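To start, I am sharing the structure in question, which I have written as structure tokens.
By written order: A, B, C and D. Residues from 1 in each chain.
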Amino acid sequence: MRETGTARIEAFSDGVFAIAATLLVLEIAIPPGSVNLGRELVDAWPSYLAYVTSFLTIGIIWINHHHNMRAIGSFDRTFMFVNLLLLLDVAFIPFPTKLVADYLQKDGERTAVIAYTATLLVMSVLYTVWWRYARSGRRLIAPTVDDAELRAIDRGFAPGLPVYTIVFVLAFISPLASVILTLVLAAFYLPSATLFAER
Amino acid sequence: MRETGTARIEAFSDGVFAIAATLLVLEIAIPPGSVNLGRELVDAWPSYLAYVTSFLTIGIIWINHHHNMRAIGSFDRTFMFVNLLLLLDVAFIPFPTKLVADYLQKDGERTAVIAYTATLLVMSVLYTVWWRYARSGRRLIAPTVDDAELRAIDRGFAPGLPVYTIVFVLAFISPLASVILTLVLAAFYLPSATLFAER
Amino acid sequence: MRETGTARIEAFSDGVFAIAATLLVLEIAIPPGSVNLGRELVDAWPSYLAYVTSFLTIGIIWINHHHNMRAIGSFDRTFMFVNLLLLLDVAFIPFPTKLVADYLQKDGERTAVIAYTATLLVMSVLYTVWWRYARSGRRLIAPTVDDAELRAIDRGFAPGLPVYTIVFVLAFISPLASVILTLVLAAFYLPSATLFAER
Amino acid sequence: MRETGTARIEAFSDGVFAIAATLLVLEIAIPPGSVNLGRELVDAWPSYLAYVTSFLTIGIIWINHHHNMRAIGSFDRTFMFVNLLLLLDVAFIPFPTKLVADYLQKDGERTAVIAYTATLLVMSVLYTVWWRYARSGRRLIAPTVDDAELRAIDRGFAPGLPVYTIVFVLAFISPLASVILTLVLAAFYLPSATLFAER
């Protein structure tokens, strides 16, 4: 059965994106009674790096999700289930983000960043499946959307999987570089790639 | 007094579903300064199992709630109160989920999984009351919905209570099997049962 | 300046109600590694009592807020500010709820329940101001709402302040009785009082 | 590419505002088993001060954001990205709020309040950029909004940056005075300044 009207999927998805992003702040903690608070705040820079990286990444996924939902005119239960798996992964992001905050530049940083980038890679795979399923044979595409628009969205998706594969592989070599590259991608590359794709 | 327009009940319900699902991640915690993070991450598998099981279960309830609300055209205060009790139970799920994450494969796992499956069973009872109340004598059913659709939703509800009774009973025999069956049901059985019911 | 269209105040208010209610579950905690989990779960009954009482109370306020917003056709900044103070108090409820969960039947229970019922009393005062401000001279009332409906809502508000004054005073005499009365009121009295008022 | 219809930006923004405000309560904690709960509750006043100050500040930003979005008729990705940075800062507020709650009137209070007011100052800068970008050459302004309304919103924005610069500088001299001034501004000055601007 195919239903039209995707407003409530969007509302639930927006909720999960917004809550997951806002819960990230809970990973940053300085114990009360620290003797040198200024020093502790400076030493907590991996927490800020992890927070900003995850917040922007979730934000970028949200902006894209928002944009691509406009092309989708109906949905079925398979699509809702894939969307649910995608949200399951997005809602999981605060956990490896905290690992990065706690372990970066310490023993175990490689493991922490591998867990972090693996979560992002799984997100990228699920998001690609999400789009492939909706787009294949125009299964869930709104009739008003023409093929040029679909190809533009395809081009927006193109960099996602390779890029998150690269940061995942980089995590084994240099964990810090992997996190910084993830941040740079969220802040600069992915938005402009999608912008480029829309021309 | 019967009010029409169920948009705001849906908004509040979506909010509780989305927040309860997203708070689940807070149950997963690895202390900072672990000497073997990789090992700790592997040993934390009950946390991931509990997270995925609860997230999918909440998600499936939400998909069904969403689907069934479409048949409901008006509401009264009794319905809102039952809906509130249902949300009270859904919002409680993160607590027994954390019990499962902390106690599975340890002393007390039976108690933890009984508490977990009892919460799901209560949810199933409340959700059945929710539907029975709205459907009985077409009390809150939209006039555009025909009886065949109502019977289809009935068939979708049919497996819920028996299935959650089974996992509850199974919790006394094999806690791990009970959790895994709950996950399998959320991932495979309940969606297809509902799909089947709609034909 | 008076604006029409109250959809976004409702969205923000719904968000705060839903999040405050769903965060309540975080107050319930059993430490990992307990030797007798069943015993600990039974002994934690003040946590469940506090959870159910606060969840239903927030839910009832929300149902009423929802109902009364239907009579309100426009808003101004004073109204938004009073609404914000009301939400500030509602969002504070998880803190004294945790106090009740931690201290009921222990040293300090009187103080804990006084703090809890004081928070509910302030909520009741702010909510009364909220309605008085909107209703006074039909300042923000939608033109389609007649005076009989306003008097019905007035009757719905009538029990709020006295009732929360009673549970506040009762907290000094018997903390446990005060919490149980608050629960009973949320579950039975307030909904029916409002129902009665609507006839 | 410019899109019209800003409903979903508002929904996501409302979500982050509401969640960030509601998470603030988690910073207030009294350990279970305190021997003198009344005393502990009194001594925790910096927590309440920090809570009320941050809640009202987030609320005021939200009221303004809500008001100003009405003038904005379309959006582009740059605007969404700036909006995302603004939300990143708003969602960060619970962390320095907790620092103020933990350190005010103790060693490290200066550092805590500097971190707090710096977060608010960055918020003010991002919010000004947000408006400047949308307003410049009427880039994203709805055609129905006339120049007088834009100048009124400009006057509403005028006090923001100087005011948050003052509380930031004051944090170095008197941390307590800086927090109290922030509260007073949120409660009295900023709303009336904006009210004044609208005449």
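In the analysis below, a contact is a pair of C-beta atoms (placed from the backbone, for glycine too) under 8 Å apart; a residue touches a chain by one contact, two chains touch by 3 or more.
Everything quoted here is computed from the prediction, not taken from an experiment.
By the document's definition of touch, chain A and chain D have no common neighbour. Counted as hops between touching chains, the shortest connection from chain A to chain C is 2.
Chain C maps onto chain D through a rotation of 90°, based on Cα atoms and reported in steps of 5. For the self-contact between chain A and chain B, the two sides draw on mostly distinct residue numbers; the shared fraction is below half.
Averaged Cα coordinates give chain B a centre that lies 26 Å from the centre of chain C.
Chain geometry summary: the mean Cα position of chain B and that of chain D are 36 Å apart.
Each of the following residues of chain D touches two or more other chains: 11, 15, 19, 23, 26. Chain contacts here close into one cycle, and each chain has exactly two touching partners. Across the assembly, chains come into contact as A-B, A-D, B-C, C-D.
Contact residues on chain C toward chain B in their complex (touch as defined above): 10-11, 14-15, 17-19, 21-26, 28-30, 32-38, 41, 51-52, 55-56, 59, 62-63, 66, 70, 191, 194-195, 198. Of all the residues in chain A, the ones that touch chain B in their complex are 1, 3, 8, 11-12, 15-16, 19-20, 23, 26, 77, 80-81, 84, 87-88, 91-92, 94-95, 98-99, 102-103, 106-108, 111-112, 115.
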